[in-house]
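After the structure tokens below, expect a handful of questions from me.
A, B, C and D are the chain letters, set down in written order, and residue numbers restart from 1 in every chain.
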Amino acid sequence: MASGRGGSSEPWRVGVLFSQSGFSAVIERTQFNGTILAIEEINAAGGIGGRPIEPVVYDPGSDFISFRRYAEHLLGEEQVNVVFGCYTSGSRKAVLPAIERKNALLFYPTLYEGFEYSPNVIYTGAAPNQNSVQLAQYMMENHGKRFFLVGSNYVYPYESNRIMSDLVTEQGGKVVAERYVRLNSEPADFDRIIAEIAETRPEVIFSTVVGQSTAQFYKAYRAAGFEPETMPIASLTTCEAEVADMGVAAARGHVTAAPYFETVDSDANRAFVARYRERFGAGEHTNMCCEAAYFQVYLFARALAATNALDAQSLREALLGIEFQAPQGPVRIDPDNHHTYLWPRIGRIDGNGAFEIVREASAWVKPDPYLVTHTLDDWSSAVGQVAI
Amino acid sequence: MAGLVRGRSPGAETSEALRNIRSLRVLVIHPHDEDGEELLRHLKRIGCQTQATWPPPKQLPPNVDVVFLSLRQVIEAQQSFPWKADNPPAALVVIVDYENPVMVDAVLKLTAQAVIGLPIRPFGLLTNLVSAHALFTRERKLQRRIEKLEEKVKSIKRLNQAKEILMKNHGLDEDEAYRMIRSQAMNKRMTTEAIAIAIINASEILGLKQD
Amino acid sequence: MAGLVRGRSPGAETSEALRNIRSLRVLVIHPHDEDGEELLRHLKRIGCQTQATWPPPKQLPPNVDVVFLSLRQVIEAQQSFPWKADNPPAALVVIVDYENPVMVDAVLKLTAQAVIGLPIRPFGLLTNLVSAHALFTRERKLQRRIEKLEEKVKSIKRLNQAKEILMKNHGLDEDEAYRMIRSQAMNKRMTTEAIAIAIINASEILGLKQD
Amino acid sequence: MASGRGGSSEPWRVGVLFSQSGFSAVIERTQFNGTILAIEEINAAGGIGGRPIEPVVYDPGSDFISFRRYAEHLLGEEQVNVVFGCYTSGSRKAVLPAIERKNALLFYPTLYEGFEYSPNVIYTGAAPNQNSVQLAQYMMENHGKRFFLVGSNYVYPYESNRIMSDLVTEQGGKVVAERYVRLNSEPADFDRIIAEIAETRPEVIFSTVVGQSTAQFYKAYRAAGFEPETMPIASLTTCEAEVADMGVAAARGHVTAAPYFETVDSDANRAFVARYRERFGAGEHTNMCCEAAYFQVYLFARALAATNALDAQSLREALLGIEFQAPQGPVRIDPDNHHTYLWPRIGRIDGNGAFEIVREASAWVKPDPYLVTHTLDDWSSAVGQVAI
């Protein structure tokens, strides 16, 4: 790899693929920022082996075909063989064949539905056993067992809804409906769903709506006059970025499960948030995807410091089992499956639009991306005790 | 087969399924993209009679032996796809790009005879194609055998019932009852089965003793 | 299933086959090389109870649900491998590295439920594993159904034969013959089937009239 | 690819993988020679775009694991992405995953059993529809229909014997036995087979014995006192290299089908043979595998002259449909399947150990590597007329 071998001051060139436009730009822009912040911090501290990391940036505009083309371009003409990027499963799948064909390495900083392993991918977002199970338990303990499922029409919501249905049914609860909206939805797409919710009066709405549709849905909910106290929207994807997009009025009272919220109470996180605002503006917010994008650059940097070479084979070996003190707490790459040990948390949006953390794991949870049958026992046994 | 020592025994002939591979009619239901083209090219290289179609057809064309189906894309198209999994019209090879339980469940519901992962790689396609078609043919034979056996059980039961009706109502012994049915069948150029059914139907209408 | 719109209907439960995947006992018959290791690692990632063995065992261990078999290497080992393709003990996933007709013929003779090409890639293994096991279970059910139906046809025929023997030799009518068999069965705590067989056997030995 | 992009006098580095030792060295050494001769000729004529071709050579010693390791080394540390090499199917299969993973290009100059296509391989030896069918027809017309099949114990002989059995059976002939010997055979391994031949008295022995076992078999045949006039050995693999290895006495009278013999009567071939002897010694002989190894370098060079870059993608595009005036006659890469249009011939070994060409196609034959059911009609229809 020419880019990884030259003179001692030559930069380490890496690809960065997050959308600045299109339906998932709201969240991908924060992943881009997290990535750039980590690279700038590392370079400011002297780089790796005295050489800076140089991001080679393309904007796929939330379009899967562009994701694939830019990935091929990065791995081909740009001679890059490490890429940070992707939010939706669709974009990850679009990029994957090129990554595998070139034996490159993709760092993927997003929760997803599991059931994937590639020797060429490091997965730093939550697997379902690190967020779905915890959300189901919290909602059933505190709100009820009649669930209404709403999702965007693609693979991640299908599978998330399967898991939620299983967990609810296992506890004697009931799924009253399962509805999907297209990825590029319009506000009016939610009219029928809001009417159905009004009619069926569930106790929990489980939303796997993603991207800009999220704000549309929460606003429609608010406009219908529903009350978060009796019928909150529970989500795995709605984070600080979407809250900023929809505004506090629509967001207040709803619940999300994630390994990270901006409100995590630790020195590491306070420092992270402070630097993030300093760099991108006082009104900007971190979130789970942004944090994963941030800490995965550090995992990469640690591995690169050990290998001093950019080839996937040796980087992979250095990455497996590696640990890092992330803003959410210490994280670790699981050598068995390339996913990450993470810290499940439940947050409820308060009157300022911040997530109040109402429950959190007392130990990291090992990822199990191939788990078919989730049960609530997993959570309690894995976590030991929970703080309220 | 008791054991597998080598793929073939001396002078063994190539199996029918393989010999006829170039007469297989294959329908590819896949969007017109790189994977679809690669799949089509390789099926043509193998020499099958191949056609591709997208979006999924509302009705399967007649005379198809094997269908290749791009699963997620058919699901996301949110369009009803006609596939009677219990009595399928052709062998089914499903192409998958995700394998979470929702997708695997869909594969199970379709009872596909083979599964191929994306991206398409030429190697393995031939074996999967032939194996899927053989599994399909094999299952169809088993299904036909079950149908025949069920029909046979029914038929024996009907004949016994008809004989009993004749014995009860005409004071015949079993041999005589059977002979009567058989001679009726010969006279009317019908099967004994048909005569038995006629007797049973008639006895129901006329309220004859049945048991 | 009439049509496939989405993988699942609202609130549908995950199918049994998938829920039980971590209790599947998988035997990998493959040399201890890179591909063998990659396969084993991924099966463990999925969570199956997996063991590997090489050279091919002379006898399959008991309680195996799915066998992964490296075809060419088993053939080249020139060692008899026990596999009753008509009544297999487990689902079979064949791993192939050539697909010329000799190899494909061997796949057909083994009636493998799934085919995987080398080099091993993790993606697709899960779906092939579950699908192969489901196809195997499905075929076994069909085979059991055929066996039951065949038994039933035989049983009806035997009962008729036994009744006829009694009618011919004891001057009974059909009802009486049947009542005699049934009362014998009740007295001796045997099935009417067993009594019928006893009568047929006895009649053969004693040279009674059978038709 | 660093090696393909540098200064204008930097050489074009390519990998060369043929065995100089081990069971198949007899033939692979001639493939090596053919490759080197072509490279030297091209370089003497000024190279490609003014830059010479530089062979990076390793000797895998007829060992499949070494083939794989050297291929990985060539594509990795040596940064090569075009490889010329492999004789047995086993070595090709060992090399293929590395070639495909790196999206490199392998030129494979050997007849084989068909049923393979890789976007990363160019196949320049005969497929079964270019030699098996012609051999079956010739032998049945001239010698009889009772065949005895002897082969080395691996995939190529299995499949070649299947095809031969089908062709013989189709014509009302009979296969009296099908026997295999291990690849690293000893002369004594043939004792039982010779006894069986004596017992069954076939009219044709079809041999797919390869490598150094070939000489062992033909010598055992000669020692048994069998007569080539009434019971010749027919082969697809026994060529000038094996004849030299076994000696004329053992070879005389036997028959081989191939697209090339040293005795091909053309100016192009006479020049090729003269240069080959000048370079490697007056006693050296060309053969079908050597010739394929030679002309495939020229096909590569033509493509490289068009692309002026070594990446597989553009080289492949330039190669498909390309033609070259080879010693056997004009050849062409079939764009449908990456195999080569070739000229089927039948040769009988004469009293000097040379192949007398007793039949040859009057037109090249399109390769059909996925043909399952061969029939004798293929030959006559494809060839138009045959010369005796």
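As a convention for this text, a contact is a pair of C-beta atoms (placed from the backbone, for glycine too) under 8 Å apart; a residue touches a chain by one contact, two chains touch by 3 or more.
The structure presented is a predicted model; accordingly, all values stated were derived computationally and were not measured.
Set side by side, A-B and B-D show the greater C-beta contact count at B-D.
Centre-to-centre separation of subunit A and subunit D, using mean CA positions: 55 Å.
Centre-to-centre spacing of subunit B and subunit D amounts to 45 Å, using the average Cα coordinate of each chain. Centre to centre, using the average C-alpha position, subunit B and subunit C are separated by 19 Å.
For subunit B, residues that reach two or more other chains under the stated contact definition are 6-8, 14, 18, 75, 78, 99, 101-103, 105, 123, 126.
For subunit A, residues touching at least two other chains, in rising order: 115-116, 158, 162, 372.
Taken as a contact graph, the chains are fully connected, with every chain touching every other chain. Interface residues of subunit B, counted against subunit D in their complex, comprise 6-14, 18-19, 21-22, 42, 44-47, 122-123, 126.
Note for the complex: subunit D touches subunit C at residues 89, 93, 97, 113-116, 153-155, 158-159, 162, 372. Subunit A contributes residues 2, 101-103 to its touches with subunit D in the complex. Considering their complex, residues 72, 76, 78, 97-103, 105, 118-119 of subunit C touch subunit D.
Those residues of subunit A lying in contact with subunit C across their complex are 115-119, 149, 158, 161-162, 165-166, 169, 174-175, 177-178, 336-337, 368, 370-373.
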